[in-house]
Amino acid sequence: MNSFGRLFRVTIFGESHGKGVGISVDGCPGGVPLSEADFSADIERRRAGKPGTTPRAEKDIPNIMNGVFEGTTTGAPIMIQFYNADTDPSSYDNIRNTPRPGHSDYAAYRKHGGYNDYRGGGHFSGRITVGIVAAGVVARKLLGDMKITAQVLEAGGEKDAVAAAVAAQREMVPVGALVEVRVEGVPAGLGEPFFDSVEAVLSHLMFSVPGVKGIEFGTGFACAKMRGSQFNDPFVHIDGTTRTNHSGGINGGITNGNPIVFRVAVRPTSSIGMVQDTVNLKTGEPDVLEVRGRHDACIGLRFPPILESMTAIGLADLLAMSRATNATTQKPR
Amino acid sequence: MNSFGRLFRVTIFGESHGKGVGISVDGCPGGVPLSEADFSADIERRRAGKPGTTPRAEKDIPNIMNGVFEGTTTGAPIMIQFYNADTDPSSYDNIRNTPRPGHSDYAAYRKHGGYNDYRGGGHFSGRITVGIVAAGVVARKLLGDMKITAQVLEAGGEKDAVAAAVAAQREMVPVGALVEVRVEGVPAGLGEPFFDSVEAVLSHLMFSVPGVKGIEFGTGFACAKMRGSQFNDPFVHIDGTTRTNHSGGINGGITNGNPIVFRVAVRPTSSIGMVQDTVNLKTGEPDVLEVRGRHDACIGLRFPPILESMTAIGLADLLAMSRATNATTQKPR
Amino acid sequence: MNSFGRLFRVTIFGESHGKGVGISVDGCPGGVPLSEADFSADIERRRAGKPGTTPRAEKDIPNIMNGVFEGTTTGAPIMIQFYNADTDPSSYDNIRNTPRPGHSDYAAYRKHGGYNDYRGGGHFSGRITVGIVAAGVVARKLLGDMKITAQVLEAGGEKDAVAAAVAAQREMVPVGALVEVRVEGVPAGLGEPFFDSVEAVLSHLMFSVPGVKGIEFGTGFACAKMRGSQFNDPFVHIDGTTRTNHSGGINGGITNGNPIVFRVAVRPTSSIGMVQDTVNLKTGEPDVLEVRGRHDACIGLRFPPILESMTAIGLADLLAMSRATNATTQKPR
Amino acid sequence: MNSFGRLFRVTIFGESHGKGVGISVDGCPGGVPLSEADFSADIERRRAGKPGTTPRAEKDIPNIMNGVFEGTTTGAPIMIQFYNADTDPSSYDNIRNTPRPGHSDYAAYRKHGGYNDYRGGGHFSGRITVGIVAAGVVARKLLGDMKITAQVLEAGGEKDAVAAAVAAQREMVPVGALVEVRVEGVPAGLGEPFFDSVEAVLSHLMFSVPGVKGIEFGTGFACAKMRGSQFNDPFVHIDGTTRTNHSGGINGGITNGNPIVFRVAVRPTSSIGMVQDTVNLKTGEPDVLEVRGRHDACIGLRFPPILESMTAIGLADLLAMSRATNATTQKPR
């Protein structure tokens, strides 16, 4: 549901056009320095208003409501809240009964019996990922030497992602994107057997971000066409370093000490500037819809800090679990 | 760790060359007819011994130890056990100190301090997926009209997967595969907001299967190159039917009533018939390894019943959750 | 940690003397009417300022931040927040280094390395139970005909609990209390086998309330002295009605259709108006402490709405689980 | 449901008169010496056949099926199984339609639609606690210097519990019991805020044992009659040692370094040697029942190893969590 993590656990809430959005972060030890300024850089990276993104200009000021005292975390849950300011719900009146193709509108209507807040997608909006970015800031502080970076590899099939997004904005037809996440400095031995493999945990988190439709680790889908002699990564050092990294740093679901590498496919936003076929929820008959409002031409451009944060959240949890369940207190055989 | 699911919950245990493998299935209501014969077809589909698969010939006889009485489930946990019979652990002596490139050996060694059962990968072996297939048989009985089918789309880049696998076996170099899973008859409204999106739950389960390196829903990675006008699926009927199904039956993480469609990339097995570079865990120095033993030339050929079962397990849980939390008891607005 | 529940799940945050306290309620279906006015009665019952309770006068105004739209729940998480107003942290300066005997101060210091917010107990304060009461208001709306009532049976050993509390306040020595909770209209079949017995779930919730030191169901501790012929409750009707109710409505961990009855022992608050022996966390030496501040003479008086709410939260979760896993879709044998 | 624990997690299965019972233990690190002989002492303590207990003579031989290799744990799930041998299901024919007063029969029938295995209570039987004892053996190995002991304080109101049980057996009317559990050597700082207080976790586990109807920590119910000046435990040493231990070693839900002490009320078994009123599930009419079969006169006598094991399971989990989330990596303020 709206929580994730066993030891480092986040719980989100909020809607696109309600009072605000927020997140609770449980399981952060006491004694970690944290202030509102720590969030600025990542939130700015996620913020809209840049070329190819929606002109909706939320200030995105983080309010640390709980869990911090005299400049450090206390060990109690950290709750961070963002108020919505620049909302224009009137532009969503027409989607109330005619769900946007490709968006959550119809599925949410069916799930919640029509009681969902439809304005801007309500709780299904990408808006609530601002809380994820905030939680990611906390998570990164627990990761020691691990360094997480994400970059847009391409948008709409073009290597120059920003140019592709600007063109898409001009034409009012959004484009998809491909984003790569890379984690350096990963200790060997993270991940839990079977159901909590590193890939399972990270993919779970990535597919929680609205708009993600695919993920591949290391060589990924290309492996389906490969032979074992090409795919295997020979070990070259007792610290686990491999000559190649086709496996993306993960063997048997457990980190092997090499960088974690994965790519995420981001769909084009569903809000396009043309008339689309849909159904009318009131009449039950086919209808058409023209979406108004302010939208991103390429949401993928805003994804790097979101995906980095999701990665940090997952790794913080796996790291905490490894402290508890790895054979660290035993003498290695 | 080794459990998954909130209401329909499976817990696995077992090793490749230990006494056996098994699974406990919790949350199955009482009154569901179940007998050992129900498992035959799916277990046979997963079984080795066919062209392109390992000659290890486990009989894979399911023993329903608990949870069934007078031919039906009781509501108590169903525990199903398979004894290992055709084991040849001696062939693994040489991997004890020289981990196989691409396999879990090194990562498991680091995680468990060298105490892991290295024989055939121990608990990290694909062997334990026989329990998953057994749980899938139970899960499918709870899915009403939903119909799950998986098929190998290609192996080693060839459309004729079996031929590719046979060639790979002859050359002693395994190949990867691409498998598609399709679910028909899916009700709209399954999935939970944000962290338990249908994609998140299903990808979590798929990446729990040893050997999976990528997953994509609907159009998947191709969406990264698409424009919104191409990607959106226009609704054509109030039941949610869309003209196209680029989203793979899932909008905003919730099913929209169309078929769920996804593809999974399966890597070549790491056991190849040639000398590979590795490290020696005892000396800490570089070493070489030649893997013996009996192995699959294309594990992907055995994946359809495993991926179908994982899908059934995930959907059984999501269906149970939807009964509990959807707005079903309310009059739709 | 700070979350509870599998399907109806609450997550709390907040501190006694920080910015405020709050709760997120996940798993409430859409379509449930909810407004701030719904909370007034229960919050008023919990409020301080009455005879025998602390003069700290929090207004306790609930702010529904998320999850409600046009007067009904949406199916998204409901977040309710209370700002702290009447705080006087200066009165806690002296406990920073000299932990109060009987309070969480020392244990929290050890757990969180001294980074915990010590003012008024911080996150360990009974203050955050105002969020529990708010969540209980939501939970009760999902319980159909179930009716939950709690009453103080005695305080400081006296049947006239208010008089005992007023005397305790005058003498500045708080007293403990005994509170009974009763649930009428309970359907048979709630509770899950073994680890999620009704007693296990409800006791877990009750012992989450700061100050609870004992719980007994039905006849409770008296059963230790009883014989089976006295204890057993003979069935008198096919609906499960029993002649007596020594088991408190629960057999084998599952409700049998009779009222759930349990009693909870509440300790005296640890803040007493006399010099006490303690240790000094700075010097490591024995020290003494005289607690100032405004405190309850009998917190038990404020417990009925809190325990009712915890009961409602637990039953809402068990009811949701029973909808999902009971054999309701099968024809009874 | 049938699992408990976040990091040290147990999953049980089995029935009184089915093929057997068992437990899976997940989260035990690799490298812990474990063999079948380790279980003998505790299983013998739990075993029946002694004065005041049922003559049913199960040999209770533990089979370690998984998770142990070359004499030590591997880090994979440990599955331990016990086969049922001395079953006499015929003696339960008459309870099929006439549920035993005080037993789970009626509630289970309602929950599982009549499909539950009624023989000896099926999955609701105390029989499956043999698995708990096995898991407790594993858990204790992770607890360092903590020492857990349980003793029967009284049975049927008599201090000489065995004599009371023998008398009860002779009269064929079982009696209840009071059992005290004590843990020495507890580090300060175990327990998680609010919902996972030590009392919450341990009470959850204790109420999972069939037959428990009450629990109290430290002074327990007596605190309801006490004044704060009596109840508070003054600190006398910086290690947390208190002069008294009314709180049972737990303040604010967190251990304070003193012994954990709690008492558990055990009801008399419901199987009594006299005709009782019940209902007939087939006819829906009142009926009578005379229970045959072999039963305990005082199950409380067999509880010490069960309650110790449950305590060990809970503490192993809390200890693992504290390693992960306590502020141990920070310099204390």
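Letters A, B, C and D mark the chains as written, and numbering starts fresh at 1 in each.
Criterion: a contact is a pair of C-beta atoms (placed from the backbone, for glycine too) under 8 Å apart; a residue touches a chain by one contact, two chains touch by 3 or more.
Bear in mind that the values here come from a model prediction, so they are computed numbers and not experimental data.
Among the other chains, the CA centroid farthest from that of subunit A is the one of D.
With centres set at the average Cα position, the gap from subunit B to subunit C is 42 Å. If you average the Cα atoms of subunit A and of subunit B, the two centres end up 24 Å apart.
Residue positions of subunit B touching 2 or more other chains: 1-3, 12, 27, 29-31, 72, 75-77, 108, 111-115, 123, 193, 325-328, 330-333.
If you sketch which chains touch which, every chain touches every other chain without exception. Residue ranges of subunit A in contact with subunit D, taken from their complex: 6-7, 27-32, 72, 75-77, 193, 320-321, 323-333. Every residue of subunit A that touches subunit C in the complex is listed here, in rising order: 1-3, 9, 11-15, 18-22, 24, 26-27, 29-31, 65-67, 69, 72-79, 81, 108, 111-117, 122-123. Interface of subunit D with subunit C (complex): residues 1-4, 12, 99-108, 110-115, 121, 123-124, 128, 154-157, 168, 173-178, 188-197, 199-201, 203-208, 210, 212-238, 240, 242-243, 246-248, 250-257, 265-272, 274, 276-281, 284-286, 300, 322, 325-328, 330-333.
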